[in-house]
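Consider the two complexes below, in which subunit A is the common component and subunit B and subunit C are the respective partners.
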Partner chain A sequence: MTPAFLSIRGLRQTYGSFVAVDDVSLEIPEGEFLTFLGPSGSGKSTTLYALAGFNEPTSGDILLKGASILATPSHRRNIGMVFQRYTLFPHLNVRENVAFPLRVRGQAEPEIAARVSQMLALVQLEAFADRMPGNLSGGQQQRVALARALAYDPPVLLMDEPLSALDKKLREEIQIEIRRIHRETGVTILYVTHDQEEALRLSDRIAVFNRGRIEQVGSGRDLYHNPATRFVAGFIGDSNFLDTAEVAVSGDRGRVVFPDGTAMADLPVHRSAPGGGATAAQVMVRPQSLRLAATGLPVRVLDVTFLGDTSTVQFRTDWGQEIWMRAGAEEIAGLSPGASAQLGWAPGESHLFL
Partner chain B sequence: MAANASVPRRQWRGFGPAVPALVLLALFFVIPVVSLLLRSILEPEPGLQNYAELFATSTYARVLYNTFLVAFVVTAVSLLLGYPVAWLLAIMPQRYANLVLAIILVSMWTNLLARTYAWMVLLQRTGVINTTLMKLGLISEPLALVKNLTGVTIGMTYIMLPFIILPLYASIRAIDPTTLQAAALCGAGRWQAFRRVLLPLSAPGAAAGGLMVFVMSLGYFVTPALLGSASQMMLAEMIAQLVQSLLNWGLGSAAAFILLTVTLALYAVQIRFFGGMR
Partner chain C sequence: MLLTYRHLGGLGVALWAVTILVCLFLLVPIVFIAALSFGSSQWLVFPPPSWTLRWYRELAADPRWLEAALTSAKVGLLSAALAVLLGLMASFALVRGRFRGRGLLKALFLTPMVLPVIVFAVAIYALFLRVGLNGTLVGFVLAHTVLAFPFAVIPIVNSLEGFDKSIEDAAVLCGASPLQAKLKITLPAIRIGLFSAAVFAFLISWDEVVVAIFMASPDLQTLPVRIWGALRQDLSPVIAAASTILVAFTLLVMAAAALLRRRISR
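And now, the complex of A and B:
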């Protein structure tokens, strides 16, 4: 087997008795945009820092083009990074910030000038070349940081929640910019975020981190439609989890009886459940998979919220669990708080987690 | 019009309680300085002959040269020694940093004479340093470490170090550590990161500390008087001698005024480039 462009093998990072990263392995092809998605403290940033050389893994290995990089100090790894905080050098203007890695490498002045203007064009900040970082907006600073990180043509670009300090509108603007820059440069990007929407928007593949482990790696579509674990199902997209009273499994399909006696068959079964908290079997169904039905799960309407394009309805089951549905305005026209209704869904669109 | 008048009035509000201190400053600082200047140009007769004498007489010029040389060397050596200490303080865990800071402060607060005499004991011909070096066979006869400018420089560097370390420590601590991580990933090794990032970002602290040490060194009296010699005098000693022994107030005032002028000029330079003390 030829080694992947970048491989992370059995990476483990412990601090005393705390396991920050637990046996993380990933094979990353050249040019991929891979996002580490997970809640804070899930080990995604720690994994990224191991790549940057800021912490030394307890065990495991990281190979770039087949060779381990762990013995190489940060400043010789030739890896690019954009940080969560603004890390432009405050005493240098935009041009000199982008030139910094080239000057450190002792490149000739004409080369540096050419490369800097090429990079500033890439992030569309030519007009700001002489500004000091303090006179730039947060979004502009991160774009300069991006130009600085790409100036020396690194094989891998690390991005540690670079947009978390920006407001939503600006974030979306820069996400589009990052996608364009990824397309234009073809650089392999490892991106850390806790924002699932950002991950879905940007990535070729997403690695979902939870408690120091990777729960699932796949495209956004994969993770959404075929979540491997309860945690992934809960983290990617909106979801309802329903308790069950009885479960019968045959092959990869299962039949459940809900606590109120309603039965449902033909649900796709997921056995492995390392994440999540609950141990009892649960059925996961997306809010937009729910339909009002003639016969189904009997529920009572708690609240109806109009949100423009769609509306959401809050229900409560007979055994007291809350469940919500997203639907068009006309579909739920007759519903008002206190009314009873029956909910149904295509069994294939829900998942039974054992 | 009424609005215009109210602005300066608001700026002056709270002026009242400052009056005693300002009167004190005027009485005991501004007036003496002015009278100093007047004496330097009026005694024994009006004119600049006091200044001319200071620069033209080789003994006095020599003293000026010694003073600036020692102040410069003390400042440079303090900066060289202080940078690693300030850096270490900034990166070590807070409780250890507090301990080291306490040691620095205690040394600073210990009586100046006690510290200076201690150096005399260490540096003299039969002192600890010379006897140790001789026992080790590194030197065959004692080095002249005291009663000369070497002794003055050593003693003053020791006394001035905290004044460099503290402002440097403050300005290094204000630097975001991720900035240095970013520098490392950009390819900067230790030396490059120091030269291109840490040094420029801590320059205001170095300038503030350096200026303070240089100015204090120019006018220092106790250490040069104890560790130096009459043949290699420094300016403060010379002023004391001119005024006390020779009763030459005109010349003494001129020398003091040169010191004041140089100090103000240096301070102006610092404000120009680093925005003053912070």
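And now, the complex of A and C:
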């Protein structure tokens, strides 16, 4: 097999009996924006740090352009990184921060000056060149950090939750800027976050991490419409999980009977063994796939919440599970707490997890 | 807060009184010495019958005093440099190291601060007697380095704990070797801690007398040792003049340090 631009092969990282990263493999083409998405402790940062060279994998390999980088110390890997915490050098101004990687590479002064202004223009901070890091906002600091990490033209840029300390509005602003910079530079970016919206907004592909393993890799659309596992279904987008009483599978379609006796056929089947957690079969359906129907799953209305463009309705099934629906105001006009209703949905929009 | 100054009432007045008394207790002897050093009485009469600079002239005329001051400065600077260097390395181990007995090691590093000075003085005297370091500059500096060491470790450990290791990691990924990253990024970032360590260490050595008496020889005396020696021979106002200069220099170092620290941390 011809190796991809960057490939991670069978990466494993254990600390005593704790397995932080468990057999992670990825093939990453040049120029891709790939996000590691997962809850904290799922192994996404540990994988990133193995790329940076800050921890030595227990086993497995990382190849850049076909050659292993594991034997190369961090400072010779030529990899760029933006950290979760602010890491500008506190005693150097913005210009000198961006110039630092060029100075340690022994470049000539005129080259350095030109490259620094080019980088500051890229992150639109030319006017701040003489500021000290302490006099910059959090967002500005991370943009300088980005300029510094890109100054030496690294083949790969690692970003470890760089926006998690910023407020929501600023975060969205810088996300747009990161997308633009990715477009303009074409650098391969590996981005770590636990924020699914951020992942969906930025990435070409997303690798969903859970308990040290990758549950699924794919575009945001793939993960949303065709989640491979219960975990991915629950982590990307909003979801309802319904218990089942009986399941019959033929091919890739299944027929289920819910605990209250309601039957439903033609559900797409997913066999998710690893990291699933629950063992009983469940049906996943998105809140916006639910419709009020003449005949369907009998439920009772618990609560109706008006949210402007849409409203959400909380229901309870006869067997006591809560389920919620998102719909336009006119569709749910007649509903009030305590009322009975029937819920239906297109079988193809739900997923049966065995 | 239940116990605020406002609600103390009469106790507040008492608190003021105690504070003023403590300050007086600390300051009056120094003021007295300074006043006596300018007094004309040979017998240290207070208040002085008239004022003179005679004792300062005598002080300047006696080369042994100048020599003692130079020795003090030499020992102080060398001890401070050594204490900061060792303290820096120890601090990296204490802050970054993950090994058994780290807390114990830290406690050990701080023992010179709490160990009775006379015990330490006798111990190091006995040791140096065997290796022939008594009365040498090297011995003097080593002994004072031990005393100054904890005062160097404390500010360096504090500033290193306040320094985010990710910043050093960032420098390494930028292409700096781990040593380069420490020299070019970490040390400048914790320079206030290093500076405080150097000032503390110097001052510890500068006015130290107990260990110094054990380390000294007739040819190698620091200023406090010289004052102590002179005091035992005869009670002359020259000693008051020497003491005043010692205090004045200490104040000068502290004031300069405070000013410099403000400029560095700007």
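Note that the second predicted complex is superposed on the first by the 354 of 354 C-alpha atoms of A that agree within 3 Å, B and C clash if a C-alpha of one lies under 4 Å from a C-alpha of the other, contacts with A are read in each partner's own complex, and residues count from 1 in each chain.
As a convention for this text, a contact is a pair of C-beta atoms (placed from the backbone, for glycine too) under 8 Å apart; a residue touches a chain by one contact, two chains touch by 3 or more.
Values in this document were obtained by computation on a predicted structure and should not be read as measured data.
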| item | value |
| --- | --- |
| Fit or clash - subunit C, subunit B, common subunit A | clash |
| Touched partner set for A:168, first subunit B, second subunit C, both or neither | neither |
| Partner chain in contact with A:65 - subunit B first, subunit C second, else both or neither | neither |
| Contacts of A:271 with subunit B and subunit C, given as first, second, both or neither | neither |
| First (subunit B), second (subunit C), both or neither touched by A:183 | neither |
| First, second, both or neither for A:105, with subunit B first and subunit C second | both |
| Residues on subunit A lying within both footprints (that of subunit B and that of subunit C) | 52, 54, 73-81, 83, 85, 87, 89-91, 100-101, 104-105, 145, 148-149, 152 |
| Partner subunit C, residues of subunit A touching it in the complex | 52, 54, 73-81, 83-91, 100-101, 104-105, 145, 148-149, 152 |
| Parts of subunit C lying in touch with subunit A, wherever the complex brings them together | 164, 166-167, 169-178, 180-181, 184-185, 188-189, 191 |
| Subunit B-facing residues of subunit A, complex | 52-54, 73-81, 83, 85, 87, 89-91, 100-101, 103-105, 145, 148-149, 152 |
| Of all residues in subunit B, those that touch subunit A in their complex | 176, 178-179, 181-189, 192-193, 196-197, 200-201 |
